[in-house]
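So, here's a batch of structures to check.
Same chain, two partners: chain A is paired with chain B first, then with chain C.
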Partner chain A sequence: MNPRPIKLALVALAAGLAGGWAAAGRAQAPLQTCTICHAKPDLEVVDANGRVRSLYVDEKVLKASVHARKSCKDCHFDVKEIPHRDRKPAKVQCTHCHYQGNPEGAPQSDAYLEYAESIHGQEAARGNPQAPLCQDCHGTHDIRHARDPEARVSRMNVAETCGRCHLKIYGEYAGSIHGVALLQKRLPDAPACTDCHGEHAIRKKEDPNSKVYVSNIAETCSRCHGNENIVGKYGIETEQVATYADSFHGIAEKFGAKTVANCASCHGIHDILPADDPRSSVALHNIPKTCGKCHPGANKNFAKGKIHVNPDKAEAGIIFWVKLAFTVLTAGTMAALIGHILLDLRKKLKVRRAAKNEGRHD
Partner chain B sequence: MTEPAERDSQPGKEPKPYQEALDLIAEELYQQLRRDLDDAYDPDLDDYIREQVKKRVERDLGTEMDLRLARARRRLRAEVERGLNKERKRRKMAAAPERGRSLVRLNRHFRAQHLALFTSVIILIITGLPMKFSRLGISGFVVNLLGGIENDRILHRTGATILIGVALYHLGYTLFHPQGRSDFFLLLPRLKDAWDALLNVLYFLGITRERPRFDRFSYMEKFDYWAVYWGCVIMIGSGLILWFPDTALQWIPKFAVDTVKEAHSDEALLATLALVIWHFYNVHFNPDRFPGTLLWWHGRISEKEIKEEHPLEYERIIPEPSELLPGSADPSPQADAE
Partner chain C sequence: MKPKALPSSRRKNGLVKRWTRAQLFQHWLVLLSLILLGLTGLALKYHAHAWAAWLLQRMGGPAMSGTLHRTAAVVLIGTVVFHLAHAALTEYGHQEFRRIRLRAQDFRDFLHMLKFNLGSAPEPPKTAKYSYQEKFHYWAVALIVLLMIPSGFVLWFENEAMQFLPKWIYDLTLVLHGGAGIFFFAVVVLSHLYSVHLDPRVFPMDWMWLTGTISEDQLRARHPLEFEELEERSGS
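Our next item is the complex of A and B:
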């Protein structure tokens, strides 16, 4: 036990007494009243779990946030007396203001409804103390707009924010092509967690409505990898989406097979790496192992030939020529057969008409 | 004893056609009974005995006769009706002998192969094309109708198994059946077929007035046969590799499997188009055949048709009168055993 925080807290409480009495009875406690204690960087308590929690609030942080014009009591409206004595201020409820149709002028969105249906919201509703609430991602006094690069949920920062709980996955992601592109090269097109998993509506991968459910993976990846405007800038081909859709894997996936390979089955999930990286699951020497996850006994024959092969392109080699030969053969055969049919039909009808006319003369 | 009274009154109203026979039998039985009764016979009660015998005979034998007569009437009617139809047909054919006479063109082995072949091909087309054209809306509809992609694949492989069976059966038929052997040689392409095709087109265009004279198999039928032959080799060969990709990939590289898949998919389309357009026109939609010939079912071709379509064959085999059987749509078992 470290006695220092308790001592400090007691000092703070004692110091607060004077101002506290003075502030009592006033309808709106000005910021200054709270900062008597909370502006002190040393203000800490030990919570029920024995962890030290800082109660320090930097006024500058609040002033720089979207809530710059709010005062403490707008959110901490349950604080009725200073010091708080036994009545510990409750956790702030963001939905106090942020709901559709609110008169406070708070941004109106259905985000809180999406959150309630998400795995985070459902776990929180079930009472899981580890489930994140709004402030766990958006921050507390330092809430900024998602477009603000300083925000915890900005493109560049959101991975780190998720990683505060999902540390292991953050590690995998940070080393992947996506993580390197975003976190190190600062490329704004690179996907952060939320681009694949969703923002408020994050669902478990077992949930059929999840963006990362087996049947939705190809669709989720193709939102960028099928879009020339996004991946084209970086020299990444978009035809992988079409070649997958035309492969046996893609067709079975489209028609609802659950055990068939999707993008992530071969390329990995958070640890995706380009094929020229020797650590990649789709690097040439790793292909037998990767295919072997589903195709027992896969050997290096699996690596001989492109996986995402487009038979319409000459670089497909023999496949291109076979397709071309069949196209010519089919067109030629059908032209000849249909020509034969039409000539035969014309002659037959002529003969019939002649026979009919003869019958009429008789 | 009201029953006998009713019975007495009924014959009075409507005498049975066999009443006389009943009376004779009753009389005979009465005489025998009189002898059998011996001492028990009482002349005073003679009329009672006579009456009893008559009633018994009328009740038992009369009922029996009624039932038998009704049954005989039914049977006779059915038999005579059948006979009448046959006789009508016979007289009609006797009036125009050319129309009714027919020959066996496809024997039972051939018909069985054709039946199994088109069953398997229909299954394969219905279950296969949705995989080739997976982007079309109707493909999803068909797959859902079949109960999902897993069912679709099982059905496709069922069709494939039937097709492989037909192919093996046909190889055996070609090798070991005399008709199969001779048909195979007649199906081999010859220079005459090219000439026939040319002459036929000239005839269609009205440049020549005579159609080319075909043997047992015209160039069109030869095309059909060899198209299926080629199709079976490609589809079964590539299909087996696609059925067992993991085994195949132990020996051949991935790009070879992709090549085979491309060939399977492309040949499937070619075969489907040839069947639906060419074959269906020849056997269903052309004005002479519409809505279709039943040759594939009964295997018989009329003398008139064989003279027109296959004159060289007709002249070659000049049918014996015994080979010509009446009734083109009514094949008899003996005819198949040739």
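Our next item is the complex of A and C:
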């Protein structure tokens, strides 16, 4: 073993302890230097709001994160001297590395641009102290890739992450069929918040570009509910999408009506429950109330018959047979009529030709 | 009582008056309302197709198009009421109604015409004022309109209708209304297109619907019984 590096390290350590690091500070600061203080679990300060904040950084957490190979000063680059004492390091700017075309080896992504246009980014830009920054969803030293089940933004964890701010909605969602499927049954196909709302590009529901804007709801739901590969596995029919699109509601929605019923109008939003759950807005006994939101005087008659009825399927009963009868009647009559017309036309032309020829002979 | 023929005063300069102004007016109303009903109805029915979506947009979207549909329906219903009143309350209207009633002879004429067209009968059937084609046509329209009006009202006043009709009846009504509409625009329009446009005897068009008159030659060729009757009347 070569003793030189050890010697050098000892010298550096000594220099650091002596507070003489400043000169060499522009070089990479080894993690060890910062951990002299920050590895102490009881390192705490009282912040401007009077709250005690832990300044402890668990090296193991950082090493398990996507930033395992980064050093403290890669992110906290405003720390010029160590110890930095009262000069509080600024909030880390993730966009320092995370932008399209970055040379730092960070993923090439425009996520920060999407974020800037999102309701979160716009509120943050307006100075709303409650608006989330990157760290609020992704974490700080513990950032993991979204594919990593341990990540705060993984499929299974993202709802809880959103729920840290959106607590009431988290409660509604957690009890819904979507929430139960994802959080309790751990079904990876079940939607988390981000599947409907988007990730970085989350917008207010009033924004026409939002995935949950009134005119975009049907399309957002149909991404799963119109896909046999996704919902088919769970015995959920995909024809609800097609029957909605072919209904008066769906047609009006497609042509821009804003007040017409979309999926959420009847099924609910975060609190969606299947029709066989008595609490569901589309449970049979709740149909009059649900339809009655728009149709004054809606009564039990609204529940007598399938809502998403498909007249082209035998399950529709008499509706199917009457439609089929009309198709057969129309096609049969058309065929007979065309035959009748062609025969008539042939004869008339023949008679006419004969009359002409007779005329010529005379 | 045998229906009276048109008075001889209706015969002038080789032309015979066949339809009165009241009948021409009814035809105009039916024509305009059915075109509007057809365009708006079919555009809605086939909204998933590009041509229909385009048409629906042109007509102001589904809401405006629906208003047009119902306006045309009111015009058509008004025409039906006028038509029935005309048949019930005027002598001429009553005669016309008797002339267009279906008789066993019409079905015999139909088979006769089929034989003639296939070459096994030497002469075509002799037709009175309304041929079996015209009668079938008239009664097909009448039946369809009879189906369309009540079903249309259910769809129009859906909240009121569903106070006492279950949802499946509403869905059935929608299928009925659409099915009868498609039947109408396939069968009735094609049949009419042939008899008043493409039929070699009238091509490119039978102008009767504008003038109310038919030439004596045409009348003799196409409605020989009516012509004979007219000759009898004029002669006596």
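Criterion: the second predicted complex is superposed on the first by the 317 of 362 C-alpha atoms of A that agree within 3 Å, B and C clash if a C-alpha of one lies under 4 Å from a C-alpha of the other, contacts with A are read in each partner's own complex, and residues count from 1 in each chain.
Throughout what follows, a residue touches a chain if its C-beta (ideal position, glycine included) is under 8 Å from a C-beta of that chain, and two chains touch if they have at least 3 such contacts.
Owing to the predicted nature of the structure, the values given are computational and were not obtained by experimental measurement.
Superposition model on chain A: chain B and chain C are shown in a clashing arrangement. Of the two partner chains, chain B and chain C are each touched by A:F255. Judged by the touch definition given at the top, the superposed model places A:P188 against neither chain B nor chain C. By the document's definition of touching, both partners, chain B and chain C, reach A:I341. Comparing which residues of chain A touch chain B with which touch chain C, the overlap comprises 245-246, 248, 251-252, 254-257, 295-299, 301-307, 309, 311, 316-319, 322-323, 326-327, 329-330, 333-334, 337-338, 340-341, 343-349, 352. Interface of chain C with chain A (complex): residues 44, 47-48, 53, 56-57, 61-63, 113-114, 116-119, 158-159, 162-172, 175-176, 179-180, 182-183, 186-187, 190-191, 194, 198-201. Within the complex formed with chain C, the chain A residues making contact are 245-246, 248, 251-252, 254-257, 295-299, 301-307, 309, 311, 316-319, 322-323, 325-327, 329-330, 333-334, 337-338, 340-341, 343-349, 352.
On the side of chain A, the complex with chain B involves touching residues 245-246, 248, 250-252, 254-257, 295-299, 301-307, 309, 311, 316-319, 322-323, 326-327, 329-330, 333-334, 337-338, 340-341, 343-350, 352. Interface residues of chain B facing chain A in the complex, by the touch rule stated above, are 130-131, 134-135, 140, 143, 148-150, 152, 201, 203-206, 220, 245-246, 249-259, 261-263, 266-267, 269-270, 273-274, 277-278, 281, 286-288.
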